[in-house]
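Below: a set of structures, written as structure tokens.
One chain, chain A, links the two complexes that follow: it is found with chain B in the first and with chain C in the second.
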Partner chain A sequence: MAGVPIVNLNGVLLVTIQEELLDQSVAEFESDLTEKVVEARARGVLIDVSVLDVIDSFLARTLHDIAAITSLMAARTVVVGMRPAVAITLVELGLTLPGLLTALSVEEGLSLLAPPAGHARTALR
Partner chain B sequence: MTRTPSTSTVAIHDEYDIVHVRHAAREAATTAGFSLVQQTKLVTAASELARNALVHGGGGQADITIDNLRANATVRMTFTDKGPGIPDIEAAMADGFTTGSGLGLGLGGARRLADQFRLESTPGRGTVVEISMSVRRSAGP
Partner chain C sequence: MTTTSDRRITTVVSDFLDVQKDAIVAQWADSSFFRSVAQDSDQAAGDSAEVLHGMRKAVAAGEADNPGAEGFDDLRSLLTALASQLDGNESVSPRTAVEVSELKQPLLRLWQDEADAELLTAGALVLSTAVDTLRLVLVDAALAAAKDTLAIQREQLTELSTPVIKLWDGVLAIPLIGTLDSMRSQVATESLLQSIMTDQAKVAILDITGVPTVDTMVAQHLLKTAMAARLMGAECVISGIRPQIANTMVQLGIDLGEVATRARLADALAYALNRLGLEVGAAAGPGVV
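== the complex of A and B ==
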């Protein structure tokens, strides 16, 4: 259970969780990512959780915290690929995670984090 | 079917054991024939309770039993620790109550996810939490 790889994709940090994480790895991931956001001057973070068949309250809280932390650093976080059974369970657990941006695929997530209009062309959706 | 129920035990001493408990819960849930959503609920509840036993109880064990005696298979998980116990169970069950990391949804959340929930705690002696969930057939009378 090594660290979670973080890839910089033109100002968006792409994070693909690759295996079930230990609580300690979850905590390290939060601080690594926060430092990377500053280092890369990232405008967005995309966290792909599609491999996870369970997200418990500890990991859910971390995802929520990461979104809150990055927003203080002018970067938006999108959680991508949550499995239906995981979403159902989280809501039943009492975790609706209000304010957390989500997308069904990495592609859709990236379009949510597209640079603001005005640079090349306006690309709303 | 009158097989004796099968039981397995997972010791909870460190964070790796939370993962071990999740895997054992997943295995029991698939053996019992749970749907994917039911599996996910059981494994999530197991994860919450294993972390509780570790963080608040200083470790302990999880006993997992599959009861096939009736038509509907039931998975029962018992988490036992010898920690300080819970002085105010009602407060500990409430959402948002936490003395450690997490959202304080461990006990209340596990109760909502499971079909049955039982908690016994003796201050100074430890805590036992038992949850059970039975397979639900989607079609039926």
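== the complex of A and C ==
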């Protein structure tokens, strides 16, 4: 499998998980993504999970870990488009993922990650 | 279990029911039971013929006392229909049970005229048992029908009581009304989360004005809903917390954590609009309608 595609959108890494991932692929995805954050000097990561019918506890924990890791590298992680059934299941499992940023859609997630107004991008580089 | 004499009675009685079929049906069709459930005399005759047929089958099989016998099983759908006929004006009452018992009399009178002296008592016993069993099956069918009705109404109540209302673009409200049992609260949560997704609503208001008491279970449910909404990228506000309810919640040690709460739905809407960066103010001039 080619792994999860990571797209750089002007400083924000957009990741769309397109199918159920095996635990092995989840681990690979985590290390790929964290490396890419450093490489791209990203200020944010958007993880789109709207396709997933199932998010198991391992993937949920990994999402949480990714958010913690990227925040150490000054990039904020937003999980986008979680389905109702998935959200209920995670809550029932006790995985409320405190501190994780969430958004309804990619568009909204991008606006969450937008640089503060008046903050010139050139100043970052 | 069946001795030779038992088998003989069974045969004689079922033959009697077959031979006297028309006489029995004529008398039954005129009985208060069949008259009360049938539209006209033709239908009463048809129904009683069918009931008699089923009863004869059970008697012939030597199972006059078994409500699960094949003959009675055949009658179940007919009796359910008859019971629902009764339902229209009255439920299955003690009166109905008495009316079914009244079917015994014509049967036993005919039997008395027909039977040999030696089989008189034993045969009467079989016939009487068969009618008693018929009564049992009728009550059973009526209860099953009532149970179905109850289940359907319960489902309708669940659907009716959990409407999700769109208050503004991006603001949803769900007014929770009445006692929240686990099934109702689950349905409410599911429909709210589904609407959050389809409407892309950023704020959802859980209004508990209509909930008489908040115990730990209801609070737990509210919290879970709020958490699930947060995972989806929306925020939940709980409104309609009256002073007494707030008091109870504190007494019970319920902590709603980071979930925003407001006393009135209006306050919650104001909060939601504020979260969306919207502002409501007075128009400059007097309003023109």
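Rule of thumb we're sticking to: the second predicted complex is superposed on the first by the 116 of 125 C-alpha atoms of A that agree within 3 Å, B and C clash if a C-alpha of one lies under 4 Å from a C-alpha of the other, contacts with A are read in each partner's own complex, and residues count from 1 in each chain.
The rule is short, and it goes like this: contacts are C-beta pairs under 8 Å (C-beta built on N, C-alpha and C of every residue); 3 or more make two chains touch, one makes a residue touch a chain.
Fair warning: this is a prediction, and the values are worked out from it, not measured in the lab.
Undergrad: First (chain B), second (chain C), both or neither: which does A:Phe58 touch?
TA: In the superposition, A:Phe58 touches chain B alone.
Undergrad: Quick check for you: in the superposed arrangement, does A:Lys36 touch first (chain B), second (chain C), both or neither?
TA: Once the two structures are laid over each other on A, A:Lys36 reaches no partner at all.
Undergrad: Does chain B (first) or chain C (second) touch A:Glu108, or do both, or does neither?
TA: It touches chain C, and chain B stays clear.
Undergrad: Given the touch rule stated above, what does A:Arg76 touch, chain B (first), chain C (second), both, or neither?
TA: In the superposition, A:Arg76 touches no partner, neither chain B nor chain C.
Undergrad: Quick check for you: in the superposed arrangement, does A:Ile88 touch first (chain B), second (chain C), both or neither?
TA: After superposing on A, A:Ile88 lies in contact with both chain B and chain C.
Undergrad: Residues of chain A that sit at the chain B interface in one complex and at the chain C interface in the other, please.
TA: In the superposed arrangement, which is not itself an observed complex, chain A uses residues 83-84, 86, 88, 92 for both chain B and chain C.
Undergrad: Tell me, which parts of chain A touch chain C in their complex?
TA: Listed in rising order, the residues of chain A that touch chain C are 79-84, 86-88, 90-92, 96-97, 100, 102-105, 108-109.
Undergrad: For the complex, give me every residue of chain C touching chain A.
TA: Listed in rising order, the residues of chain C that touch chain A are 189-190, 193-194, 196-197, 200-202, 224, 227-234.
Undergrad: Enumerate the contact residues on chain B facing chain A in the complex.
TA: Residues in contact with chain A: 15-16, 18-19, 22, 26, 36-37, 39-41, 43-44, 47-48, 51, 95, 101-103, 105-106, 108-109, 112-113.
Undergrad: What part of chain A is in contact with chain B in the complex they form?
TA: 20, 22-24, 53-58, 60-61, 83-86, 88-89, 92-95
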